[in-house]
């Protein structure tokens, strides 16, 4: 596996450095310990939003730092949760006096590291709340696992909670909005071919020419089961059905839909999937109010896609539509 | 109890240097174990962490007690490893340090208590039970064997050897299990048939403890 | 090669259909013959901009239809220029009385089909001008080829000429701005692994595990030469040097830089390359005024990247910064 | 010149149906030729185009003259093939149609003139010279052989057979050439060692012409 990198151990630092130069109008990169903040952080009186996790999911999270979304992103090594000594200064750096919300994807590593950081930041006098994103319906039996994983829904939580914070909601209010999004969002993914972690140098799993992996996560970890390759419409149905069931989507429901590329999938294929999602939801009389089609939460160069659906009410929709200005999501600004 | 085979600050430093060496040597093995049922970073994470530990030991003033060594290790792992293993091993070494107090030397009972403290810290943090196919499946038999050995009058190196052997056996025994904690749990039944990477790295750490202890009195 | 598609021959139609649903607020899809127009086309009194080419380069061109950029995009089959019977109605559909500019990438097929269409549209009373984009410095000896290929520079031409049209420039004025961009923009690409055309089903070329293809085009056609794999900094230098030489970039020059992914390259790797470009240009005292880092002109899921540099003056920069609202490029709106 | 072996409207239709069959049969071969020195679409493009031609012939009223058939083909190729080959073949068939006027039958000289008109149309459109490794390298010898045969008193089927054979030889002879037009030219010296896909498809088209002509009088 060839990669456009220098030292495999410098991938995160060098790439964040480039990101900081490209988006110097939006963000500040703090190199050691590594985290990224909004250029104008801390915004006085505004709740600060911090998220983070392993690298390799770009544009998540750094690409979502800016007005109307995150105040800070904390990147770990590739596929490895960041450490408290990064999360703590990121938290204090974006505290404008109104407290900080941690948006944490539900993985043991992320949970433990953010937990420790939150404790320490609180000890330093910052009010910290957390929401756990756990939208992946691929994990069927949550009693016998570490719970559902956080995947594509994270983008929705960051955007809508970010909008609430920008609007001036207090810490409890922003936390409540974030939790409402978590409760209303579900995702499911598929991989056609694995990605290769730079330091590992070999693909994370092997798939035969006629196999795909359903219920894939975003860490190159194998999914729940393998099936024979199918056409796009069939695969889309397999991703949609468990989401519809889990959200109990019914006639009249309003949604925002994301068809997300895992990094190595052409946009044309994502739009073919989106077309099928639109047809199927239309058949259920479920409305797609807004959509995102593209690479928003990736797994390096994995070939595959994920589907995320958020059931929205009018307030969530208005928050969604409010101005956002980040490297990877921008409108109204 | 004879102070002749008690373990001092110098041993604690040697243990950590030896751990760094063994982890570096087995980096790819640990990555590959994690690749099959996880996300291919466990070897990289620990190698980064223990490389930082050695750098810290090289550059800091020599710690005065074994507990001070382990506390430095705990803080370094916590801030460099990340992932699940960072906070878990960080907590383990922090609790181990606390259990030693400011004693200059570690006798057999203190050695066993240190291992139990580490194990209990991991359980408190990660909430895994025995049989969940995690590092707890190595730490728990290690703790029990260490305590049994100490009660039977073993020397400190013997206590650590008993712990290391039990950890290795415990790691091996994770192979048929279905994971119920950590990333491997998402695989469900497909997690069976592979050893847990954290259990294997636990065995390496305790083996380094035993070997450096034995060498000190060889 | 697995793909998220249904019938290989329906890829373009289904994907454009999905695109139309996802961006119904921005565009109208005309299904037969296939082309895409701005929702509010024709804009009375504004020069219309039409571009097109083979599909497989998404978001180019459909992703750039909207305010401040293209009025129509005409997608051909994958890697195949569109036909005059698509280009002609697209041209007449966006003629708001001020004439239409065709932005054509310099490939024999594109040139011939647009030429025919322009003739026919003129016969129907539409004033049509054309600019040929030919920014690829990989093609060294233009005497013995069909001339330089048009690649990443197309994005810059579409944006800046689109801004000039939006500003109200007349057909000659918009054409002159477009030509000025063509004259000031250069590109060079690299492939680490080939793409697979859906109807072909096998990769367009084979590269060994330690080989890369320098000077790759965007049609999965082989590049000019192969070299042994290098690190990102080395490869970036190889792409930059011929561009700097060809543009005679010197101290004090101002530029817009695009590091573009070919479809299968993670964003993190593009930012690693951008970092090096920034360092090297800084060493030459050349300023990067604006930048784009991401997938803008792709070759299906090809693994690789291209570098495009535009030397700008103040006017071009102001046009660049003016509001643009398309599916793939949006600011100020 | 005997009208017994002149070619009529029915032959023109058969020629196009046979071309569609041969192109479909060789779709992958043409894709693969284009994959090596181009962009892997030539076979797909022509197959799409001639499939549309057959559909047009099936659904339209029968054209009244050979020229009307070729004009229908020209318009259909122009609007369905795309790429470089679409306008080039479109122009070729349009010029060929024009050269035939409203004659009901094609005699040997008209057959040769038709081929020259097609070839000249391609050169006018694409500006390629002989030796540039394009379809011109098949059309040019085909034209010359057809004219020589007609002058020597060959029948129309013989004229087309001479053209087809020369086109095949011309296509084969593109192999060592370095391309100077079209997509293959970007490869420079690396384009040598492979036949030009457009030259090969030209040979298939003219071979279909010859075979259907011979069958008609068999």
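In this document, chain identifiers A, B, C and D correspond to the written order of the chains, with residue numbering beginning at 1 in each.
Here is the rule we go by: contacts are C-beta pairs under 8 Å (C-beta built on N, C-alpha and C of every residue); 3 or more make two chains touch, one makes a residue touch a chain.
Keep in mind the model is a prediction, meaning the values are calculated, not measured.
Undergrad: Would you mind naming the chains that touch chain B and likewise touch chain C?
TA: A
Undergrad: What is the minimum number of touch steps required to go from chain B to chain D?
TA: When the steps are counted carefully, the minimum from chain B to chain D is 3.
Undergrad: Using mean C-alpha positions as chain centres, tell me how far chain A is from chain B in Å, no decimals.
TA: Between these chains, centre-to-centre, one finds 33 Å.
Undergrad: How big is the gap, in whole Å, between where the Cα atoms of chain A centre and where those of chain C centre?
TA: Chain A and chain C have C-alpha centres separated by 29 Å.
Undergrad: Based only on mean CA positions, could you tell me how far chain A sits from chain D in angstrom?
TA: Centres of chain A and chain D (C-alpha means) sit 55 Å apart.
Undergrad: Chain adjacency by touch: line, ring, star, complete or other shape?
TA: Shape of the chain contacts: a line, open at both ends.
Undergrad: Chain pairs in touch?
TA: The complete list of chain pairs in contact reads A-B, A-C, C-D.
Undergrad: Note which residues of chain B are touching chain A in the complex, please.
TA: 31, 35-41, 44-45, 48, 78-88, 125-126, 178, 180-183, 185-188, 190
Undergrad: Can you name the residues of chain A that touch chain B in the complex?
TA: Going through chain A, the ones touching chain B are 9, 33, 54, 76-85, 107-109, 112-113, 115-116, 138-141, 144-146, 149, 197, 199-200, 202, 204-205, 217, 219-225.
Undergrad: What residues on chain A touch chain C, complex-wise?
TA: Residue positions touching the partner: 2-6, 11-12, 14-19, 21-22, 55-56, 58-59, 63, 192-193, 209-210, 212, 229, 231-233, 235, 263-276, 278, 288, 291, 293, 295, 298, 300-301, 303-305, 330-333.
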